[in-house]
Amino acid sequence: MEYHLNFNFVWKYADKLWWGLALSIQLAFVAILIGCVIGLALALAHSGGNRWTRGAVATYVEFIRNVPLLLLIYLVFYGIPSAGGFAYDATFSFVVTLSLYSGAYLVEVFRAGLDAVPKGVIDAGKAIGLTPWQRFVHVRLPIMLRVVLPSLSNAFISLFKDTSLASVIAVPELTYGANWIKTNTFRHIEVWLVVWPIYLAAGWAILAALRQLERRFRLGGDR
Amino acid sequence: MIEFALRTLPFLWDGFLVTLHVSALVVVVSLVAGVAIGIGFAYGPLWLRFPLRVYSDVLRGTPLLVLIFSVYYLLPMMGLNLQPFPAAVIALSAFKAAHVGEIARGAIGSIARGQTDAGKAIGLTFAQRLAWVILPQAVRRFLPPWVNSVTDTVKGSALVSLVGIVDLMLAAQQVIGRTYEPLPVYVLAAFMYFAINYALSVASRRLEARFAYIRE
Amino acid sequence: MSDPLVRIRGLRKSFGATRVLDGIDLDIARGEAVVVIGPSGSGKTTLLRCINVLETYDDGSIQVDGVEVGYAGPPGPRRRPRSESDLARIRADIGMVFQLFNLFPHLTALENVMLGLVKVRGLPNAEAKARAEHWLERVGLSEKLRSLPGQLSGGQQQRVGIARAVAMEPKVLLLDEITSALDPELVGEVLATVRQLASDGMTMVVVTHEMTFARDVGSRVVFMDAARVVADGTPQDVLVDPRHERLRAFLARIEMKRP
């Protein structure tokens, strides 16, 4: 039997896909913002902390990094409210999950970034009489942020792709939009033939924009 | 609590074995394909490198979930009627092969050009240089990111539950469907995933110690 | 003679079991340029880093302009290490130039010099900018104000490092092997800058391998070996007419390495 491709159904519901894409990008954006706060705070707690804080940070990081994101999504959305006797919005629950998830990855990124600030440059900050707080704000932090910027871009793209998992708890992002069209039109093939390139094109466009941004903040000039 | 665990564990255990099965298949297939891709990247002519680049960028740019659904629905259109299990394994392997290919490319690329020259100078053929000079040194650079990618494979395998394969993830869902106690079951399943990956990281440290003879 | 600007007495310092400074006594008067030479591992860089407390010292005393730099409270075994805010205040008056430049890589040449003026000296932006421009011009970099360190040659970076230190108007300037990371053809421009500062009367302590430095800039040369000061005198005494055996051997080795 010959299958005839027919994209009309997909175009008819295209706004589901555009709004879905917009939500996907927003979800990734909020998650990386909160993840950066978590990641930086824990990286500093880890480098300055005692054995207990270091242990707590390591436990959080190891747990999140060794468990599937899908399971974490279910755990936060179904598991925790069922035990606590409350319920919350699926989108909110997903943002919480993805933020905790990105935070665990970004701890490592920020730790490496802090380590990458040369000790001599911090000495130079001491030598001109900067206080520890001034050294952090004016020397360590800005250098570290420039060092980790490429990793943050990659993390953002990765999170953008991960937002497709929000469809399993009915967050109306891009993959959910695709599934909705699919179940309402039975045009499986056409839907995926459209959605796949949307993810690719959006991901590449975002990455190209971020690389442009990195170039502006690159250390080391023309070398 | 212990009684609850004893009641649910047999169901989860079956799923756990399926997760191991899927992961092992994907790891082996993607290792072989990925190393071949990496060699193609490093030494292939342009007509080979170009399609490899397209393949790698497209696959790595696609969400795994979208890839699994696409393979699951697109392959039948091309006349391949696959069961969910092989379809999911193919999708996962194709995805991981692209990642492993980049890791292998980086590892091979990290070996100094002088090594190739030295191999040529003593008269080794291309295959001999690869087998006796380049790859043994590249292994050390390859292993740490590859072990990370194996961990990712185990985690990614949870997505096969979404096309109806009863792995650990779906087994947990089914148990919850009967017991209505999501939290303990999810936590139990999380620890089972954690156990696999923790075992992997211990094994990888041993493996890396074995290859530590190559100094930077 | 007035009190020395830098007064070092019985200074001791160990890294683990290794003693790197073993009872150093040294006075540096205002306006003096003291050049410290010696084989690597003799403790000369550590001595320099102790003066602005980038390294803490275990025993003995370092006073700069009458203030003990590393410790608060009366001398003795129970003295307390200085707080970070004390250290910041003390270091602001002690300039340092580093072997590897250590410029802030995210700031332009101008901003590198301005940072301490604004944040430590509390100068208004316009004034800090004027002063930074003045010093960058003095070291011959008025064309490079907006360049990032990565866009500058090693010699240019080091001259920014010098401007950054002297713009703070420190009481004493510490120079730590400031030419040893430079290509030979870039050494001259940095040497010229330092020579100018010395003739302006800047008090400085210079650790170096560069013997021309010792001859041209030094009003006094100190030779260190194995954690101690072995010889201390005019360049003439120490370099031309060395009396100590280890000093003669050291100078002979340096002489042989010369192309």
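The chains carry the letters A, B and C, assigned in the order they are written, with residues numbered from 1 in each.
Simple rule for what comes next: a contact is a pair of C-beta atoms (placed from the backbone, for glycine too) under 8 Å apart; a residue touches a chain by one contact, two chains touch by 3 or more.
The model shown is predicted, which means the values in this text are computed figures rather than measured ones.
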Geometric centre: closest chain by C-alpha means: A
Chain located farthest away, centre of subunit B as origin (C-alpha): C
Separation of subunit B from subunit C, taking each centre as the mean of its C-alpha atoms, in whole Å: 55
Subunit A-subunit B separation of Cα centroids, rounded to whole Å: 21
Chain centre separation in whole Å, for subunit C relative to subunit A (CA means): 46
Residues within subunit A bordering two or more other chains: none
Sequence positions of subunit B contacting 2 or more other chains: none
Residue ranges of subunit C in contact with subunit A within the complex: 52, 54, 84-85, 87-96, 98, 100, 102-106, 115-116, 119-120, 147-152, 161, 164-165, 168
Complex contact set, residues of subunit A against subunit B: 3, 62-63, 65-72, 74-75, 78-80, 82-83, 161-165, 167-168, 175, 178, 188-189, 192-193, 195-196, 199-200, 203-204
In the complex, subunit A residues that touch subunit C: 118, 120-121, 123-132, 134, 138-139, 142-143, 146, 217, 219-223
Sites on subunit B touched by subunit A in the complex: 58, 61-67, 69-70, 73-74, 77, 151, 154-159, 161-162, 169, 172-173, 176, 180-183, 186-187, 189-190, 193-194, 197-198
